[in-house]
Each structure stands twice: as structure tokens, then as C-alpha cells.
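I am attaching a structure below and will ask some questions about it afterwards.
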């Protein structure tokens, strides 16, 4: 058990590091990420540029730092919005039951009828690239899956006796949802959020790679990888650095999700001891 | 034919400390008789039953020896234990509804035992239908084709019994056969077990918290509490003249015998009392009971483990 | 047996409103598109700027000024007759293009599904069989790593390794079967890792159940128990995820198809999007939606076959 | 003088598409329970006794019939008006392990009545609770534990203590001890008897154990497939049963006892 | 149990690191270091297929007015241009025009037959001209066929005898030959197009050295040598031109010798090209291209209507640095908007002086700073490091008080915004397809020029208008050249638009295996390609 905890702490540290770097990008970044210095493009690591420069002579390290700001923040913000939309609809549908539940579930089925990547790309294609449409695309394409999972959790909790007990004591719907249902679906929700952030980061990077993500002035790891496509032969870190950041970030998120999922199973398992 | 347990200890290591489920139990059980192990939740009766077949969870530490006709089971490797399970000692597990594979037809789960014994597919099918007929199933074909969730609690129990009996074992361990069943179904289970006992001459070890079933079906009874054996005796003798205060209290709390409650609560695993484990709840507890754990005293056809009989 | 048929009937009946809903969704997506497709139709050649009249003539021809409902009705009528409309750029019927490009994407998706299923089954069973052994822990670390590597980096790494350095496989193109090995791996690795982890945790979950105790009491060894008893019940979540992934692949994996230059549905969608050809995008969304719903239906039926409680209890 | 009276209570469950398949769980049951009285409801599993109990506590809407309490029909009372009655009619459930919210400590669970109704002593509720639980055999150190770290018997005591904080007049006991051991069952039934003597609360005891019902109820009702076959004084019904089903029940319990 | 767990963790981490590491350093060392294939492949025989690759399809099919790109050699025009940009006869041997250039007579080459064996004669040319008349704006991925621009005032084409035709116009067309270059005078065997629309209904037949054998849409096109070709027969019998959209995949295909060379627009980005050239297996054929890269500044209602500010912007851009750093040194910096392949082109000075740029900017802006939104279309990104160039110019303009932003937009948004005049600065390419100096300069310099208005340049210079008017009517070629030179000097100083550099098409090919890529200075001719060690 201890080994798992160490991995969890490590992953959490990496995640917080990325967040901190994203927030304090202006302070940390040694150079202005967009300062072009054509003379020494694709230069190797030097005292001035710790990780060297990209094909336009811009400092690779600063671009990574600012890249983390957009990649990481979009992932968290998009997942946050999906969480809000999906959870509220899932809660309403799970708690009310009856025909509202049927209605919402049929809408969810329709939205889930289209594979998520195709959906994101279609929405992006139609709304045009850019941060705003990227967020809309991610939320629109993934709220359905989210709300279905939340609904199933709510249905499971609703059957327990302590909910009936609370209703017997005269508790209203809102009170029960706030004090009984939400705390009990929190942990499975955390697992879901963690896995979803991991996949969102990859989707954002993929969309930027396809040129559908952020617009030219803003840059994230996906765009850096796309730019590096032509120059990585001459100076490999141009591709390795953003790819490594992306992989490391997803790795830490997935490890955190694993740890939370194990704790979730652990709770249920305890009862079966004897 | 004898199954003898010598000084068996089972401890479970969990994140919140080690749990002593069974400590220093010694028993001898003969296949000529039906032996019942009575005890309440947390008394370690199920753990004792499962440790005979080596089916405990991975975090269990077992010490002491279990001998089947002189052959030591505790030392066997997994492969050898698999040979013993089913063929020599069979198990009828707890809560029948979930002890059958929900995705496989009942008939096939019974046939599997015959196939394991080397019979052909046709023979196994024939034997399965015969066995179901014998266990008082009115339409054996329908039951064989049905899935476990399509059967009632009683029918599942009888199907489990069929699985146990199919391999012609010499011993059957039945773990809580009547838990959560209605009175009518409970009687059916009793009738089934009695038929199996007479027809297959099988040694029974019944683990239950249902005192009435134990009194009616078992020849000898062992009373367990907090992982220890407090008293053993013949069924009739134990109910008419219960010696140990816990046994007396248990019988007195039966609804049709006055339902008089015992004092105190069963102790949690992590803080077991010193001396005699029952002394906090025992009306006749004396100073010695608080200090020293009593030894086992043999009298008449049974034994008791209480300072009152030193 | 008729209960099973009734269950399948119910499921089929239920997909029709979903398909209708998808057509509504696809059309709505088309409507919110920014930009005037007529303008963009005429400006494929970079040096040529369309005049005002030409654009207006095109708008009439494409009926872009009619009220929305009429456009939807006309479009839906077409869809039911199998006509997904014509591309706004090269005026080719969308359905014919999609069907022409389908074989490549289908081959890629089926190969990927095979890899996901094989790796998933093999990996899931091995990891759960040798629980907490060296293989299990090392395997899990590698899986988490492979899951986190973005698809396109994996693709480049493979091209560089197999095509340039070892010269074992062709770099791109779609003529021979060997061209599909690398793209299939690039697409399948991510999902395969997820399926392995899913199957492993559901097998271990099932191992804790009571019927495993009965099986052990019959004298079966751990391997036999997993194969004969546990696997059947543990497969449901993995089958659903694999079907979901396969449905997604049918939508064409844009990146793999563009990196490996495989003309498939994904690359068609990508060009349609860059040219803002919203009839083609609508057709694409509809096509993948239909395929996805059918695949999910198939997955439901497999799950129903796997555990009878859904089929008969339903 | 009836504390609570059920008249022609019926509950039909609709299932399948457009409610094509109907299953009558409770079929035209009428019974009255006086103050301070325990009414034993005996029947095999699936005979609708739990459904009846849930309708009584307004957890489940009835298809037809009346539940007269304090001169009012609880089924027709509006939601806001029902709130005060909620305090006076409570229920104890069969499965202890899901009767308490696993994410809350025992103390939090016991505080809930104060949050829902303005009970006396609301300001210093913790002290009131600590004092209150002594009478229910709950050790103080249990208060900090989570629901999953408490045994079945202790959970039923905690739920009982929580219910009694609301000073109810009527409690439905839905197979309160069927999941417990014999000795713990005896303790819980003794506790219920003390509470009844102390507060005069009346019970509807639902069980499939005839011996338990015989031992602890003043009047008894036999139910099968939603119908109330026979009811009356416990001794009268069990010594000279009129309905053949009652006789077979008595024999099957006697079968095990001789 | 504990120790074994820790061991497995370490092994797992080591495994993953090795996986990443081996992906790391290895490619840093250049491809040439790895061992060349043990022994060079056996000598090539007659029917070995030569595989080449390009970024886009060269045979779009029936939807395209030419069916396939001229590069494939499936069809030939009447008139083309030689390496110096002067008109050269292909299917038309010689020509003369009447006094006021309203009637042109063409003497056709004899002994030419179509790929279906039919003879090439005057009747065919007349049919083709009838088809030209139908194509007001013939759609093509390459160059749109606009008959009113190419043949202004065309009356028709009459057959004089079997091998002579006359083409007559309502008013004089002195530079007709330049207009008729390549795609404008494509000749196909009649009967394969719809007589109302002019679009092909079946695969057309041309007279070129190669026949189109098989078109696998989006994948490749196979061509085979046409034995009955009137000119020098093709050296390689079978060629397959594959479509590999991703530049990185083309690089990998060349390196693994799957393809022998690349061709067409954006064949190989400079950065990847340089890497390949380090390996002596590869060489680069640099062909001049008629495409010039421009930076257009919106003049209407902006400070850029002031000539001095435009000059400041031009002076602030070091064109040589852009060419050397981003385009691998192959492009040619220029300030003259006319393409160097045009015969009337004249070399003019290209200046880069940041100090004078700052002075000029200060004169116009004083110390206020202005903002400038620079746009380019997403389809240019694959053709070259466009975004990188704009980001360089962005940082240069910042030094002279102009805060620029870089925006990449898709084609349809581009058309909308350019129509609405929202494009502050627009980076684009413009090809002089028919090398007619007047036609090109009129678009930008004349106050009523099509690009001047559509791109809101707001440039008008009455003197330039006069010169242009005279140019359009003069019949005297020498006078035409004089006027062209004077206009170029005006544009070079007044800069209605800011030309950046002349593009070159850099085609990488495997010189160890094939030759003939650089037969001509200005274009690639597939029929001249040959195996190095052909038997």
C-alpha cells in the first residue's frame, strides 16, 4: 500500500508543479516566448537558453512554460465546464426519475451517438479554430457521457435505506441531494474527472496539431509539436520537450486517477472481510 | 474416517492491524456423525470451515495442523489442495443466490463437476438430471436450462448441494445453509440435507447461527465465540444441560424460549479482553476468569472451557 | 428464446429515435457554422477572388436563403433516399466519397479492433493471473506510460524506427496490407492499454465474488476459474469500451490518416473542415453517427449474450 | 381508540411499456393500531408487508385507500402540511449496513433530526445527544466512528436513538432483526419493549419469524400475496387459527422446534 | 514480499526510460551516417516503375477543366515559353499576326497524332477554341480558365487549311502569345467534353509524351510512355506519382528510398530539404517559379496610404535573412512586383535599412504606435514556413512603432474579410501565369485595377494610369518594354504592394538512382527523367 501512496504523492507533485508553472509563467519564464531571434535558430542548450531555441530562435523553455499555461488550463477549464453541465443534468435526471429521466436519457443517447473525436472536430470545423470554440466543442461532445455516469451513481445511492430514512424524517429533495447524495458520489466523480482531464489534454493537443486548436499568437504543446514537425531532425528537443511535457502531465493525471480508483475499491472491499 | 484440527490459529493482516479470527482451536470430527459449529457473527466459524479447504483470502496467516485421515492438509501445495477440494471435501457456500455463476446455466455448473471426474458430456448430462430429480426438483430439464437468477433462494440452495454431492465427496462442509431463508424453505433445506446424509453416507460439517437447525440435524455441536471453542457436546445433551454460561445465554435468547437478552456486547477483534474471553458478559465471572484463560475440561461426551468446571 | 428476440426487437426499436435525433443534431451543427459556404466554394484557387454576383448565383443554386425548416426537410428527405447532399467545393456527392474512402478506414478500424481485443484479452488475463507479481506491476507502469503518449508522437516514433531506420515497413500510403501495420498500431495502442486495465480490474473484482468460492471448492485452479467462470462476467465493461473505441475509429482517426497519408474518412473530414464544406461535414457526422450507433447496438447485443440477466431479466 | 387506522389500502405496481404489466402488492388491507400497542404483521417474503409499511410512513404513494392518523388522512395531506406529521410517524429498516450515510460520522447522523425540525435543545444539540444515547446502550466512543465501522446491532440502536429524538408516536419496524444474530436480536427487542413502556409509542412489527412475532406483539395479522388473511389477539389467532395458511405456518415453525 | 515489489517498480521505470531514450538521441545523428544499402540495387530494366510523390493530386479528374496537371505530360498546349520566358511553339510551329493584332494565324505542327492514334490537325484546334469560348470561369485546382481575360474579345477560330488556323478578335491583343502560354491553349481530342458547359464527361485524350494509365483518387496516378509521341520519346516507360500529404512522410519516404523524388508545389520544406542534402544520395533541382510572395497593406483609411510608411515597412524587412534562414537560401529577394521569368523584367535594387525605416516611420507616425492585423491563409502553411516569416516581420515592425498580430485563417473567412476590407496586412502569393507584364501590373498599379480595389490598397498614380493605358494599346514591342521598365521603377519606389521574394520550386531527388531532374531551368519534364544505371 505504501508504494502506491508514494506514486500518488509524486504524481500530485508533478501536477501541482505544472499548475504553478502555468500560473506564474510570467515570473518564471527567462525570455519572452515570442521574441524572434532568427540569427541563432535551433541553437543547442546554452547558458542563455537552457533548453536551446526553436526554429525561429525563440527560447524553448519559455515557450514550454507558456505552453503549459494554455494546455493545462484549457484541460482543467474544459473538464470543469463539462463537470458542471454533465453533473447537474445527471443529478436532475437521476433524482427525479420517471418521465423527465426518460426524456433526458434519450437526449443523452443522441449526443452519445456520435463518436467524441468526430464530434469535437466537426464542431471545431464549423465554429472555426480558437480557444472559445475549442471549449464549446469539448463540452458539447463530452457532457453526455458525464451525465450518464453521474445518473447511474445517483440511482445506485437513491436505493440505499439512509435516503429513505432521511425522507421519512421529512428531509426535502434539495437537502438530501446536498447532504447525502453529493458526498457519496464525490469519490467516483473525482476518478472520472481525473481520467477526463487526461483525455482532454490529449484531445486539445491533437486538435492544435491538426491546426484546429488555438490561433497563431497563442501557443500550446500541440502547436509546438506541430511546428517541430519539420525541424526535429536537426534539433530533436524541439519535438521531444513538448511531447515529454504532454506525456508527463498525462502520466501524473492517470496515476492520480488510479490511486483514487483503488481507494474507491478499497472502501467497498472492507466489508467483505469475514 | 476422521478430520482432526490441532491448535489452529488464523490471523488476517489488514491496514488497521492484524485480526485474530481463529485462535488455538483443536477439534476431532468423525464422518459417521453430523457435526454442527454454532457461533454468532465474528465468532470465526466460517473462517474455520474455509481454512480446512485452504480457501482463505490472500492476507490470511494460518498456523497449526489439519489432518484428513492422518494426511496433513495445511502443508499441501495449491495443486495438491485442488485434488482434495471437491473430490474428498466439498463445500456448500453461504448465501446461495450469489454462490452460483450468474452467467452460466445451472445444469452446466453441475455437469462441470461430473466432467472434472472424467465422465463424458452425455454421461454428465444424464447424471445431472438424475441428481436434480433426486433433490426433489419437479422439472429437472427446465431447472438445468435456467439461470441462477431465475431460481428461488431454496432452489439455489439445493442446486449448490447438488454441485457438492456430484463429486461423491466423503465430507461436505455447509456454510450458513439457512441464512436469510423463510421458515418453509428452511425446512426444505433440512429435508434435503437429511436425504443426502442417508443416501450418500457423507460426513457433514454444518456451520450455522441457526440453533434450531443444529439441534434437529446435527449429532454433535461445537459452540464458538471470538475464535475459541467454548463447549462441545451431543446435540440433545447440549440443549438440555448447557454447561457454559454463553451457551445457556444463547439458548435463553431464542424467541420461543423466553428471548432473555444477554448482557454486554461481543468484543471487537482489535481489543479482546484478557483471561476468559466471555468474562465481561458472564454473570458468574470470578477474579480468576478476569486473569487467566480457562483450559478445556472433558466431561461426559463433551467438553467445556470455563473456570466454573475446573 | 422469444425473450431474447423481444429484447433485440426492443433495442432495434430504440435506435430509430436515436438515429433521427442524430440527423437533427448534425443539421443543427451545420446551421451554426460561421462563414458563407457559397463564397468559399468559388475560392478554391488561391489567386482568384469571386465577384459578388457569382456568390449570389451560387447561394440561389444551393438554396441557402430558404427558411431553416425547409432546408432541414429537404436535407432529411435526401438522407432517407441515401443522398447526403453534394460537397460544396467539388460538387461530388458526399455519400459516394465516404463509401469510396470507407474501405481504408474500415480496414484500419477492424485491424485496430483485432489488436485491441487480442492485447486486451491476453494482457488482462495475464496481469490478473499473475496478480501483484513482477509482471503485473511492471506491466501496469508500462501501460500507464503508453496511455499517456499522444498518438501523433507515437506515429512519428514508429515511422522513424520501422520505416527509416529498419526499413522494414513502408512509411505511408495505402496500397498494400503492410502499409496498415503501423497506422493500426498507432491507433490501437492507446485503447488497448485502457482495455487491458479495464479487464484486469473487472476480473479481479469478480474474483472476490461468492461464486468463485464455489468454483474453487470444485477443485478448479486459478487459471481455469478465470477462463471458465470469471471471464464471461468480467467482459462486459471491456466490450463496451472496445465497441466505443471501434465506433470512434470508424469516424476515421484524423491524425493517423494524415500522418500516414491514408485516404480515409478521417482525412476526408479534415479537408472538408479546412475548406469549410459544411454539407460534407454534416454528411460525415451523420455517417459516423449511424455507424457508431450500429456498433453500440452490436456491443449491447454481445453484452446481453454475455450476461443473461440483461437479456432475460429485462 | 385507534392511534392510526388503514382503510382499504391498495398498491398496484405498473411496469413494462405504458404500464401494461400490473402487479398488486397490497390488496385492500384495513387494520387499526391503538396507542402503546405492538401489531405484528406476519408473512413470507414477497407478500407485500414492507410495501404496506412504506405506505404507512408516506414513503410510497398508495394507489387507493386511506391512512387516518390524528383524524387526518395522511395520503391526501399536502407536502407542507405533512411535515409535522413526519416527526410522529417513523420507520426502522431491515438492512443496518445501508441505514446510515457511510460518509458521515455517527454524531452527524444523530444531529440530522435537529436540522430538520426545531426540536428543544437545538442550540446545544451535541450535549443532548450524548445524554440521550446512554439510554440506548451506545458507547460514547462510537460517535466519532463512520457508519461502516459500526456493527449491525449498534447501527440499529443508533437509528432507533435518532428516531426517538423526534418523539414519534408510531414506528414501523420492517424486519429490524432478520439480519442480526439471535443474542443481538434479543437485546434489540428488549430495548424496543423498554422504549414502548417508557414513551407509550406503538409499533407495526413486520417479520417472517413467527416465534419472534408471537413473543413480542399484542395483536397479530397474517399476510399472503398482498391480502390480510386473518388478524386479532396474538394468543387467539395462534392458538386457534381459522385460516388454513396460518395453520401451515404454525406447523412449519413447530416442525423445527419439536 | 516488499523487496520484490520495489524491484519490479525499478524495472518498470527503467523499461519506460529506455523506450523514451531510444526515441531520443538516435535521430540526432544525420541519416548519412547509417550504412548505405549493402550493394547498389541491380541495374534498372525497362519496366521498373519510377515512383515520385507530391503534396496534392495531379489528376483531379472530370471536375477540373484540364483533367490533369501539365506536369504529367498527358496533354500539350499550342504555345508555351522557353527558359527565358519568350513564347515557344509546341503544337503550333509558327505564327504571324495582321497589322493591328486583331487576326492571328497559326501554322500547326505536322505529323503529330493523339494518344488514341487520331491525327492532330486544324479541325481539332477549331473544336478546342469552341470549347474555350464556353469557359467563362472554368473551375480548376490549378489556374482558373477565364476566356475573357485570356482571349479578350475572341470572335472565333477558323480553319484555313489542314494545318493552318486563324484566330480573330474584335480589338487588338498585342500580347496574345503570352496569354496563350500552357493551360490557356490546352489541346484535347474532341468528343470527350459536354458541348454546353465545356467540362469533360470522360477522360480526355491529349498528345503528350505520357498517357494516364490509372488514377487511384487521393492515392496515386500511373502514367506510361506514349510510343507514338511526335517529339523525343520518354526515357522511362512507367511512372507512378503518389500523393503524400504530410511533408514529414515525404521526407521519410525519400530517406527509405520508397520514392525517388518529389515534385509540384511545396514539395519539400527547406529545413527537411537541407537535412536530406547532407546525404550525398540526394540532390536538389532548383527551378525558377512564376510565383512571387507579396505583403499587401490595406491603404483605405489607414496610415499606410502614405507612401513613406509603406517604404518604412519595406526597409524594415531584411528579405535576404528571410530567404537564407527560412527558405534555405534558394528564393530571390525582390522589391519589383513583376516576376523575374517575365521577359520585360528588369533587376531593381532591394534595400534593408532599419535606421531610415525608423526615420520614415517617425515622420508619418510621430511617436504614436499603431496596430496592424496580419493575415495569411491556412493553405499556405504546408507550402512553407509562412507563419514563421510573419512572426519575424511582426518583431521587426515592432521596432518602427507598429504592433502587429499574426493570424492564420481558413479560406472562407479570408474571402469574407478581404471583401469587407478587414485584412490589415495580407500575406499571399501571386503567380504570373501568363507572364504578360501589362496584365499583371494593371491589376495593382492602375487606380481601377482589380486587386487594387478588391484588396483596398487605395493606390492611385495618374502618371502610372497614363502609362498603363498606352501599354494596353501599343503595337510596338520595344515601346511596350520601355513602358514596362518605367512602371516597374515607379512600383519599386512607391510600393503599391510590398513584394518580398521570388519563389523557387526546390525538388529533391535521389541522384544515385535517377537523372534528368534539372534538364530545364524553369520546369520539370518527366519525359527527360532516366535511371542512372539503365541497361
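A, B, C, D and E are the chain letters, set down in written order, and residue numbers restart from 1 in every chain.
Here, a residue touches a chain if its C-beta (ideal position, glycine included) is under 8 Å from a C-beta of that chain, and two chains touch if they have at least 3 such contacts.
Every value quoted in this text rests on a predicted model; they were computed, and no experiment measured them.
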Between chain A and chain D, the fewest steps along chains that touch one another: 1
Partner chains shared by chain C and chain D (touch criterion as defined above): A, B
B-C against C-E, pair bridged by the larger set of C-beta contacts: C-E
Rounded Å distance, chain D centre to chain E centre (Cα mean): 88
Distance from the mean Cα position of chain D to that of chain B, given in whole angstrom: 33
Intercentroid distance (Cα basis), chain C paired with chain A, Å: 21
Centre-of-Cα separation between chain E and chain A, whole angstrom: 43
Residues of chain A whose C-beta touches two or more other chains: 128, 211, 229, 232, 247
Multi-chain contact sites of chain D, meaning residues that touch two or more partners: none
Of all residues in chain E, the ones touching two or more other chains: 5, 9, 23, 27, 248, 378, 410, 413
Residue ranges of chain B in contact with chain D within the complex: 40-41, 180, 182-184, 186-187, 190, 209, 211-213, 216, 249-250, 253-256, 259-262, 265-266
Interfacial residue positions of chain C with respect to chain A in the complex: 17-19, 21-22, 24-26, 29-30, 32-35, 144-145, 147-153, 156, 201, 205, 208, 244, 247-248, 250-255, 258, 269-270, 272-274, 276, 278, 281, 284-285, 288-289, 292-293, 296
Residues of chain C defined as touching chain E within the complex: 34-37, 39-40, 43-50, 54, 90-92, 100-101, 132-134, 136-142, 145, 156-157, 159-161, 163-165, 167, 170-175, 258-261, 263, 267, 274-276
Touch list for chain B against partner chain C, complex: 50, 53, 55, 78-79, 82-87, 90-91, 93-95, 98-104, 112-113, 116, 147, 149-150, 160, 163-164, 167
Contact footprint of chain E on chain A as seen in their complex: 3, 34-36, 38, 41, 55-56, 128-129, 211, 215-217, 227, 229-236, 240, 244, 247
